[in-house]
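What follows is a set of structures to go through.
Each of the two complexes below includes chain A, the first together with chain B, the second together with chain C.
And then the complex of A and B:
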């Protein structure tokens, strides 16, 4: 498209759009450096300080503002995210492998899996709570919540793997088999390096989505809080800048994960390119 | 093992021509069983429990339609249903209006591949950050002493703060629009990127203006993206309760909020009724959207 006037207008619009997208987060980050404990969650900044960050880690003298109950919640959220990541990646890889051959009922299975990412958390969460209630099972973050997290993240892993395997040349694997390499070794040496970018993406989806997942967790977990539940707890009371400071840290954590992912992807692409060049030579 | 056989049944229904091979079956079984047990069964349970008998603190599995009658004769529940539908329609329109031009620019106008990728990544990064923190970030923006009021007063556009910005229906709409517009931008920009530039150039050579090109080429070709985006946004907005809880000061009650309160007070059967109604609503919306464009043909 070459209409330069339209292009300029749309360019300015897109810039404003990005401001709309990121503005609130930037404001939240600025306000997290409000002075404490008397500074409130609004402008003007009375004095710049890192008080609320120290408050988060319990390094300030106690005040009427209770510290966020994040310590144990953080551990639970991380363990839950790792559990979810492992199970949904394994399920995603195996089911996507199954879809490489056409089979009867593949449409049904496909929609059943994809349904998991479409059905809102409030519905599955409620359903799970009803089952737990009817069967007299206790709800726990490592039980009822965990299975629902997998229901949500496994479809992402599945779709990512499906996209990778669709572009994947099966002859490479068959060549390996016909040369007498065992199926296990073929998977390790041939298949896995080829699907690695997909596995990495699946892991990223599963980990971050589980780490931030809220609505499924709210219904399906018992008394023990995960991080999002701890944050939700502060919504009903007065908000202090300590929640903002926590928001900044958890967002930075998400960015660090994305950064690690990007770096690993870059490495894997570069390695693939090097192998391709060697093959040509 | 009985479970395995049961779930595999529909998959191998149209035998014997292409019976599922053993390997495929074993690869697929764990995932399918997981989804049946923890997705299909909970939803069916919700439908079942909506017909149970609710007493003050417990439910008994005696079938009745009392909870359903109760829902449709209660002003609170019915108004929650209307609010849900109203907020959904407004947010859907808002995400489309806000997101479409940005997707148009990123998908079609940016010719440099690197810049395009960077812009797309910028648009989808919020998806990987905490949803609750993004909701919370609107509090210091919209409040009476919030950033927007301060800026507007500083520029001199208004003399006294706009109070309706926070703890109102408007704040819920603003918050949801910002949170969900990325789901609109992504699919639309993707479809835009697939439009063959030479078609547009040909139209230009033949003397078509931008609006003509937009109406006859760009808009129809981007429709599948709009439908996919609309499905994502609809399903998520209809299932919302956290944004309204955090930004409306309990003034906006969606069906989701009703479910949360009912579960909180152990009124399981009522919560289940609200859940079933929400499910039906979503089913209708998604089916209607799929009517607009035949996705399987377009994608």
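And then the complex of A and C:
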């Protein structure tokens, strides 16, 4: 009786948890199918339609509602996220590799790296803006913002790789050395293939964190806006369901990204068997 | 015989712990050497220093006449077989074996036909034919052991270090792999340095047996000498077949806590703490009243239990000071004295069979 009571309570708790977690997203998704252009971002749904999706792509007759000013912002955000992902992952992998051996000041260096994700974004963004002004550096999404995104996402990539390398069997590398293979080649041929799933995770972290970073970007990005800033900008006028339609599309994009990640993961796990088959052929 | 590897005064410390405390070894070419050491004796560290994974604090390592302390592992041409095999999990059996040939720094083989032919030869040598395309997770422990060995042997090292190579195998397989390892080594003509914590394995495998005790080589002899004449009480203890008594040497007696053991002209052997050792199978059990000759030593003990192991029976007796003495009786020689629990018996051995260290 006692156990089933606890079970029920936990069940209700979990359900509520899930409702609060996914509720906002579900509401957005539903409202994105509101009719337009007269339908607003509120219930009830007057009529189900895909008007706002068409509106997003400029496929509706012009009305007083301006199209979302996001095309360029989207491209900027994607390019920025890819740049950040590459740099942070390379930094994360190499520095985590360095941390496998204790070196003088390794403890200090560790906290220095991790600081990047601890410090409030607003402060870092503001600080960057002030420094840029003081030094006479123009603020751009590909400059000041990019640096801040790397500072922010690099610790995540670093920590992921640290956890992966922690479980890594060093004997495998030593075995390669004792076969006459140089440490560089050993890293390429043995270490990297084995830590590749971790590298994928680090990349995913860096990409998604950069893609919707707001507070740091707000101060550091100058004239040209990134996607999160552009969307926020539209709120200050009037909110139309076209923002929700866009939200649904970016969420789908994220799922596609996750799907790719999962597929790559599967491939890297199955590689042993694939290699076997190739050598047979 | 030319020495392939010579260590002199090699030391390595971790903080206050002297893991290697002045190691001197000379390994002959084309031989099977086993290195016996209890856990914590520094045997794995010694191997890692020889392979170059760890740098020694002092001393010199000569490999084929050249000093190698400063040479990185991949330029030493010393093979290493790990206890956990450390196979490359992302490669097939053939991929693992070919890895060294294809990727080594010094003249890698790029012609895949040559690689394939070499892999085929070595696969036949270690008995893995037919498994070349399997993943290394899809083969048994014994087969993995062979892959680890083949992967090393194909690069033709002059010395192969094996770190408890049979430790991860089950008992049955272990015995079979012992003979197999010796045969494979003979066919390749290289020197194997086989590290083990098992005294039976060390004695069975090695042309020469090295015994490591607290970071030093305590003995280096053939198996027969190590077994019959361990050079110190510590070596005798590792062999797991000697009863040891501590005590003092006084003129013609050895004074132990359980009584005086008369000696018979035995010269006290070598350094170390004084001890008197008598092998399990040199002791006979008799009724208390049985007569004793002049050459025999006699003590009394209370029977505790025995353990039957097929060819022999091991009996345990507790002496008056609480210590336990083990007696091994070979069943092929004579029916042993049957003992009643808690009964008192005389334990008798010939003076000349005892080893004395002082």
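By definition in this document, the second predicted complex is superposed on the first by the 263 of 281 C-alpha atoms of A that agree within 3 Å, B and C clash if a C-alpha of one lies under 4 Å from a C-alpha of the other, contacts with A are read in each partner's own complex, and residues count from 1 in each chain.
Simple rule for what comes next: contacts are C-beta pairs under 8 Å (C-beta built on N, C-alpha and C of every residue); 3 or more make two chains touch, one makes a residue touch a chain.
Fair warning: this is a prediction, and the values are worked out from it, not measured in the lab.
*Asks:* Touching A:108 in the superposition: chain B (first), chain C (second), both, neither?
*Replies:* A:108 sits against chain B, while chain C stays out of touch.
*Asks:* Which touches a greater number of chain A residues, chain B or chain C?
*Replies:* Comparing chain B with chain C, the partner touching more chain A residues is B.
*Asks:* With both complexes superposed on chain A, which partner does A:168 reach: first (chain B), second (chain C), both or neither?
*Replies:* neither
*Asks:* Looking at A:142 after the superposition, I want to know if it touches chain B, chain C, both of them or none. Which is it: first, second, both, neither?
*Replies:* Once the two structures are laid over each other on A, A:142 reaches no partner at all.
*Asks:* So, does A:27 touch the first partner chain B, the second partner chain C, both, or neither?
*Replies:* first
*Asks:* When the two structures are overlaid on chain A, which partner does A:182 contact: first (chain B), second (chain C), both, or neither?
*Replies:* Touch status of A:182: second partner only.
*Asks:* By the touch definition at the top of the document, which applies to A:193: first (chain B), second (chain C), both, or neither?
*Replies:* second
*Asks:* Have a look at where A:41 lands relative to chain B and chain C in the superposition and call it first, second, both or neither.
*Replies:* first
*Asks:* Across the complex, what residues on chain A touch chain C?
*Replies:* Residue list for chain A touching chain C: 169, 171-172, 174-183, 185-186, 189-190, 193-194, 271-273, 275-277, 279-280.
*Asks:* Please name which positions on chain C make contact with chain A in the complex.
*Replies:* 51-53, 72-80, 82, 84, 86-92, 94-95, 99-100, 103-106, 132-137, 148, 151-152, 155
*Asks:* Any idea which chain A residues touch chain B in the complex?
*Replies:* 1-3, 6-7, 10-11, 13-14, 17-18, 20-25, 27-28, 31, 41-43, 91-92, 94-95, 97-99, 101-106, 108-109, 112-113, 115-116, 118-124, 126-131, 133-134, 147-148, 150-151, 154, 158, 204, 208, 212, 214-215, 218-219, 228, 231-232, 235-236, 239, 243-244, 246-247, 250-251, 254-255, 257-258
*Asks:* Considering the complex alone, what residue numbers of chain B touch chain A?
*Replies:* Residues in contact with chain A: 10-15, 17-21, 23-25, 27-28, 30-32, 34-46, 49, 61, 98-99, 101-102, 104-106, 108-109, 119, 122-123, 125-126, 128-134, 136-141, 143, 145-147, 150, 178, 181-182, 197, 200, 204, 210, 231, 235-236, 238-239, 241-242, 245-246, 256, 259-260, 263, 268, 271-272, 275, 278-279, 282.
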